[in-house]
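Please read through the structure below; I'll follow up with questions.
Going in written order, the chains are labelled A, B, C and D, and every chain counts its residues from 1.
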Amino acid sequence: MKFAYFSGCKIPFELNEYGLSFEAIMKKLSVRLMTLPFNCCGYPSRSKSLEISVLSSIRNLAIAEKQGLDLITPCKCCFGQFKHAIYTWNNHTRLQDKVNAILKQEGLCWSGQTNIIHLLSFLYHDLGPAALKPFITRPFSNEKIVVQYGCHALRPFSITGFDDPFAPKMFEALVKLTGLQPIEWSKSTECCGNPIYEANRKLSVKILESKLKSASDSGAAYIINACTHCQIQYNLMDREPDLKKIHIIPVLFAQVLGMAMGLTKKELGINNTCF
Amino acid sequence: MYKTIETDVLIIGGGVTGTGVARDLSLRGLQCVLIDKSDLNAGASGGNHGLLHSGARYVGSDPKAAVECRNELEILKKNAGHCIEDTGGLFVAVKGDDETYIADFPGMCEKSGVYCQKIDLALAREMEPVLSDDLIAVYQVNDASINPFKLSIENMNDAVSRGSQFLSFCELIEFKLSHKNIDYAIIKNLNTGESFHIKARTHVNASGAWAARIAAMAGITINMVLSKGTLLVTSKRMTKRVINRLRKATDGDILVPGGVVSIIGTTSIRVDSPDHIYPTISEVDHIINEGQRIVPALKTCRYIRAYSGARPLVSENNTTDDRTVSRGFTLRDHEINGVDNFITITGGKLSTFRLMAEKTSDLVCWKHSIFSTCLTKEIPLPSTKTGGWSEPGLMANEPVMSKTGFDPILCECEMVPMGAIDTLVNSVRQNKGKPDLISIALRSRVGKGPCQGAFCSLRIFSHLYDNNVIQDHSDIRDLKRFLNERWKGERSLLWDQALVQSSLKEMIHSGLFGLELIENKQ
Amino acid sequence: MKIKKTADCDVLVIGAGMAGCIAAARASSLGMKTIQAGNSSSFFFASGLFDLLGVFPVETGKIVDRPCSAIAQLQSEQRDHPYSKTTVDQIKEGFEFLASFLDSASLPYSLPGTDNRHILTSLGTFKPTYMVPQTVSKGCNLEEKNILIVDFKGLRGFSAKQVAAGLATKNRQTQVLSIEVPENLGNLNPVHLATAFEKKEFIQHLADKLLKFSGKADIVGLPAVCGIHNSLEITESLEKKTGMDVFEIPGMPPSIPGLRLKNAFEKKLSGLGTLFLSNAKIIFHAMEKDHFILRAVNDNFETRIKAQGVILATGRFPGGGLFARRDIILETVFDLPVFQPETREMWHQLNFLDPKGHLINQAGLETDEMFRPLDKAGKPAFENLYAAGSIIAHNDWTRLKCGAGVACISAYTAVNSFYKRHL
Amino acid sequence: MFQTALYIAISLSLIGLLYQSRFFFKENRRFPGKKRGHGTWQIKLFLLNTLFQIKLFKAGRLRWLIHFLVASGFVYLLIFHALDDVTSFNWFQSYQSPVDPFQFLRNLAGLFVLAGCLGFLFRRMFFFALLKQRKIHLKGLFTILLILMVIVSGFLLEAVKIMSEPVFLEMVEEYSDIDETTGLEDLKIYWERQYHVVFNETLLITEEKFGAGKQLNEKFCIECHSPVKSAFISRSITLPLKKTGIFLNRHRADHLVYAVHYFLSLLMLVCLPFSRLFHIFLIPVASLEKNLTKEHLYPGPDQDPDQIQGYINTATVLACTNCGFCSNVCSVMPNFLITKNIHILPHAKIAAVKQLLHHAHLEPETGYWLQSGNGDCTFCHNCADICPSGIDLQSLWGLLNQKPVADGVENNHTFIEKLSLKQWTDLTSGKEPLLSAQNTTTQLADNGASFGNCIQCTICTNVCPVVEYDIDSNDYTPQQIMNLLRLGKKHLATGTRMVWNCLTCYTCQEYCPQGIKIADIMIELRNNGHLAATAIQLENFKKAE
């Protein structure tokens, strides 16, 4: 299998380890990843100008389409943004023309053929738990964990079609494979607060805090993320004083899976000692 | 022994005329008591377009009225600006309308000195994009829209501030007559059930559609024709200006914008009693079908309320079409009928209420042999806070949440906060009224939004309990009454989304709370 | 262009309201491959109480104490009421299934024997109902008890004094307490208050306030907002802390007991492998032999569903199952013939709360014994199309207080008979 | 005179260097930044980048080639030619400028530089054409032209010298005892033929005269004069010039051209600190600069910047050669393509930062565009990775985000947040066109159909995390936003905190029983708010003037 790998903006600098671990497990699963000259997915600009965000997304899709590849991303924000952009694109011909005109200058054009795949949906739908199982060589002892579904992949279902928006189960199913034991968490599908961290830090941290509290109350030792932005938000635990005292560790699913697959910490870019 | 209130003038009927008279007389230094068996604007004053005619509508049928309208409009714009939205108006004719009338229209306006200006069709559609495509003629006039509730409330507030008082839910039981005079009136307070006397030097019958009935109590007969008019309120404002259909006055041909809504009407159906009139389905459909000729959007748009009012028309000879009966008002000094201190003022129209009040007051003063001139021409009508809350969308206008402190919104549709409700409760109490959902709703936008009281009724109701405004469980009947009030207005409009909304209301109030199981009788 | 998907299933349930979810629950617990489409938010309007038959006959407004006998009478008097298409035993069976299903979804309900309960509402009225959540059931017998009603400052539409006034009519002495929720400035929304209940600190805060009444009161009534996910534990922990019984008082929407139902159904159904297409609009495409071909249209993708059978649980006007034009009422998915009053004049009574009820609430689909909608000729419109819930004609549940009952029994029976006949 | 000029030039250039490096000592422009990556890597980067421009090599082979031609050629000429008195003569005994291989190498080096410069010019035109803005930085152009002129004049000098009779005679005077009697003519004949010297008299050529000339040449000249063809460029310039040779010789053109060449070189020396040439010094410095870590993009409340070691020095932007790589790889290029705000792109931001360096302030309007442009940066590190000068651009963007770039300039969000709703409504009430849906793609907020079906159930409000946690603001709820729109209060809605705090988690939209696209409406309102705020701010700046 071969995909165009859309890392998003945050991975190269801010969340290098996610990129490393993602690439590592993909390599292990013998999935080839092509890195193309992508630009930002467009999510950050959505609240400034929908046009920008759509152009950004569609440009990336056009680049991928040129290579005849589907697009895979480990970030749920990017995933959601692409889906949302496609929806807007499909329903506004005026915008379509404008974007086409701009893309044309670069000799690009998007005919709508590109699929967007998230790490999870790839593992769950395209690969399938059965096919993944044999790769799990070093399963964990059933540690209690909770999973964080990112908003933008989950909602609006009508646009993303990712998983049941109210009672999703894809993530838990995959985590179970690694030997970990996902437990009920009421806030599993709630927002992590990252989108407004820049604009309203207080509120953003408050939201995160309540999530972390209820997570640790639920008796879990780890929160597992499959989204760049969620993880970045959870990493605030190292910096925000109010969060330091809460005892729960946010980890990336790619790293968890990688460990279970028997990859080394170095390969997965794990430098902390959380495992 | 009954307690007796002594006063100069007793005014019966809390419509625009009654309150207008009250203010006029108070300004002249006379002290009045105004009673109404219901509350302010319960009759035609509350059941109209809220349109201030430029006069153009009457130039054909009733030039005298046209001139009155023209003059009154100027005075009101000057003195009661805060109750008025100076929208301007259009007279539009569509294919199939009477060509000759259209042709004569400008001439007739000129005769009555009513401003009217021909407008190019393209321009007209630019001014009002919702106008129909088959326009054939458009004239611009000076119509404006007025908020009759605010008007009455402000008039009354001013009168009260000058020593008069308003007694709501006080019904006139009978006049005690003694040799060519009304000695005193026996009044019953419908809320408490207790009766009392009012002894006044002069009695003004401003009860509009009920005028004949009141007059009868003094043994006087007035020939009155009651013509029911029904109007529909759209959920959002359709036009900037008042839109009149340019033809001989008939059904569904005036569309008046007010705040964030528009009102389309009316019909004219002969009724025997002004009580318990409500819009019928056929009327509604008729209005919509007529209205969509000039504004097609009226066919598809959502309506939030329909209501009816009974026009009090005084006719000497019984005619068939009530619109031919003069809309000019009738002022009767009943001396000729042998009752010296009794006056009836009725007929007329919202646009000329001030004039009616003036003429009435002149007569009253003449009877009291007081020589004073009317001041309502000069002295502007003061604006009070309680008056404001009846304005559509007002609460949203001033950012209500931006203020600090605990003040939850109780009516979401129109964003009426708890604080506003409390003030309204107080102002009702000041007028010796009974503060309940209905009286609050009358003075505010509560229950007038899309939810038509489904949610706000419950929130406000429990808030009233919280503040000990009401204590007894039996007061739950107020809730039923309130919901029925709203129902009168929505019943005929229930299709599409409105039906969804009302089904939801029924699910809550009947399905969950089982309100229908509580008997109405006290 | 939209992304195209396909899905096969034994039964497609259209609608995610009460009836829809019960149907899906039954179907998937019978091991049928189930797809469900719709919007499940209508649960916010559900009180969380399952009525069976609360008032009959409605004209007299007679409150029903023994629903089963009343149903028998109804069956004899109203031939075409949904209840008349089944038996009392079936109804009981349906309710038992429902109770056990919810129990397995860790939302315990208390199933009574034959009698209705009379549940105190936030308006101070007493609602005749049948099966209620355990958090509510304690409020059924308040005789000889010192009651304390608690409200929360800012929780709109719930006043302890109002409830107390209601209790006073039953000559119960009641004390009231109004509690301020820490750091709340304005509106206090039920769901947010309910989430606060799930925090230990808040429960402690509440318990401290209640303890002042220990001895003076022996049962505490709270608005039905005691937590969303583990309401029973929460109330019990309160009882432990205070030594008083605690019960919930259902009130105006958005209703938390309803939300609990929503969550319970969704979690369990998703666990049973039901595919839920949230907010999908279903369009009937064609019949392929004995299979339905339908299109589930979402904003960004479209699923072509091949279904053996279809349960139509789209509800009435709020649910979108029926649509009222100015002149006529239509069924929205299959355009089935809708029983309805001749003219709009007759749709509604002059009095909103007329005990007789509005004729428009009789409108809906005529069905046969298996709840299969009938076509104009009076034959089942499709072999395997079933109707469930309020879309079925001749049941004015708002007046009869039989909404949940009709939803439950129609859904249950429909699925069962489909199962028997086709699998 | 040449000497004095030289000394003046050197001193000027030194002063210039000092003057320019002042920026590095402006404390206020320093930015606390922890060291990222290993120290050794920093050193390696320093060496490799200084000597072989590896980052440039990574960025683009062709550009690297062009650049390397100039650099290598220039360095050669500087060392082995310009400074030959101190270098070449001491290092090689046999060194004489007209001797191979030096003569040939000199020409070759010259050719390198020539070719490189032309490459530069061409690329500039091409690149800026691509960016849709033809403004070419004169500074860069000037530098290139200067180098060009020096080289050309050099070649010219050589060419003129080759054919110069006077020079020939001087040489003969100096290095031989030949005169008319001892076959000067023969040598002339030979040189005319072989070395393209142009003589005033016509020489009649015979075999033996030529042969004699050859011998004389071998006797006296050969070890100092390689055959002229190895000066392949100069020679090819000489040939066309020959016709005018006599004239030029008479007026000693060689002296003139020498002067020109010499003073141009000095000019270059003087300009070194002020022209693009300065980057020769700056790039190493920049490459040594510390990089920024995540902590500085979002410094925690408990972090004291002073405690963190190291710093980013804004002055490193001087190392920017305006090559434009950064903008080519910028992640938010699409933003520029839509908004046409050039200050979204790194190369323009750098230009602005330079202006800040020099004048310590920006026009409010420029400042605003810079602020908002920089606000779009997603910190993807592309620009920093590619920058051939090794500038840690991303850290600079971080710095720009930390404090307002011009007084009174703030991003739209804070601008609106500072205003009370009342003020905001007053500001916007007249601005309906700004807020009209026409400006947005999804025209939801003005279209009753998109929110008109609200049944006031407050589910959206109840599931909204912002409403739940933003308890210290007594603000509008999602449902009330819908109601505001219904009541025609859109301009008010655009200013509410609800709209600006919306997490876009889409919970409301997922739950809404009426299928209202609440979150999308929020986003649209925010789009509108941005438009309005931008317009208002720009207006204010105008007013301020």
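By definition in this document, contacts are C-beta pairs under 8 Å (C-beta built on N, C-alpha and C of every residue); 3 or more make two chains touch, one makes a residue touch a chain.
This structure is a prediction, so every number in the text was calculated from the model and none was measured.
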If each hop has to land on a touching chain, what is the smallest number of hops from chain B to chain D? 1
Would you say A-C or A-D is joined by more C-beta pairs in contact? A-D
Measuring centre to centre with CA averages, how many angstrom lie between chain A and chain C? 37
Computed distance of Cα centres, chain B from chain A, in Å: 60
I'd like to verify one number: the distance from the centre of chain B to the centre of chain C, where each centre is the average of its C-alpha atoms, in whole angstrom. 42
By residue number and range, which residues of chain C touch two or more other chains? 45, 184-187, 195, 253, 278-279, 318
At which residue positions does chain B touch at least two other chains? 401, 404-405, 407, 409, 455, 500, 504
What are the residue numbers in chain D that touch two or more other chains? 455, 457-458, 474, 510
Run through the chains and report each pair that touches. A-C, A-D, B-C, B-D, C-D
In their shared complex, at which residues does chain A touch chain C? 83, 86-87, 90, 112, 115, 156-161, 164-169, 184, 186, 213-214, 217
Which part of chain D faces chain A closely enough to touch in the complex? 294-295, 297-298, 300-303, 329-335, 337-339, 376, 378-382, 385, 394, 413, 440-442, 465-466, 469-470, 500-507, 509-510, 519, 523-524, 526-527, 530
So in the complex, the part of chain B that touches chain D is made up of which residues? 235-237, 260, 302, 392-393, 396-399, 401-405, 407, 409, 412-415, 449-451, 454-455, 497, 500-501, 504
Which of the residues in chain D come into contact with chain B in the complex? 420-422, 425, 448, 452-458, 474-476, 479-480, 483-484, 486-489, 492
Residues of chain A touching chain D in the complex: 9-10, 12-14, 37, 39-40, 42, 44-52, 54-56, 59, 88, 91-92, 94-95, 102, 151-152, 155-157, 165-166, 190-191, 193, 195-197, 199-200, 203, 206-207, 210, 236, 239-241
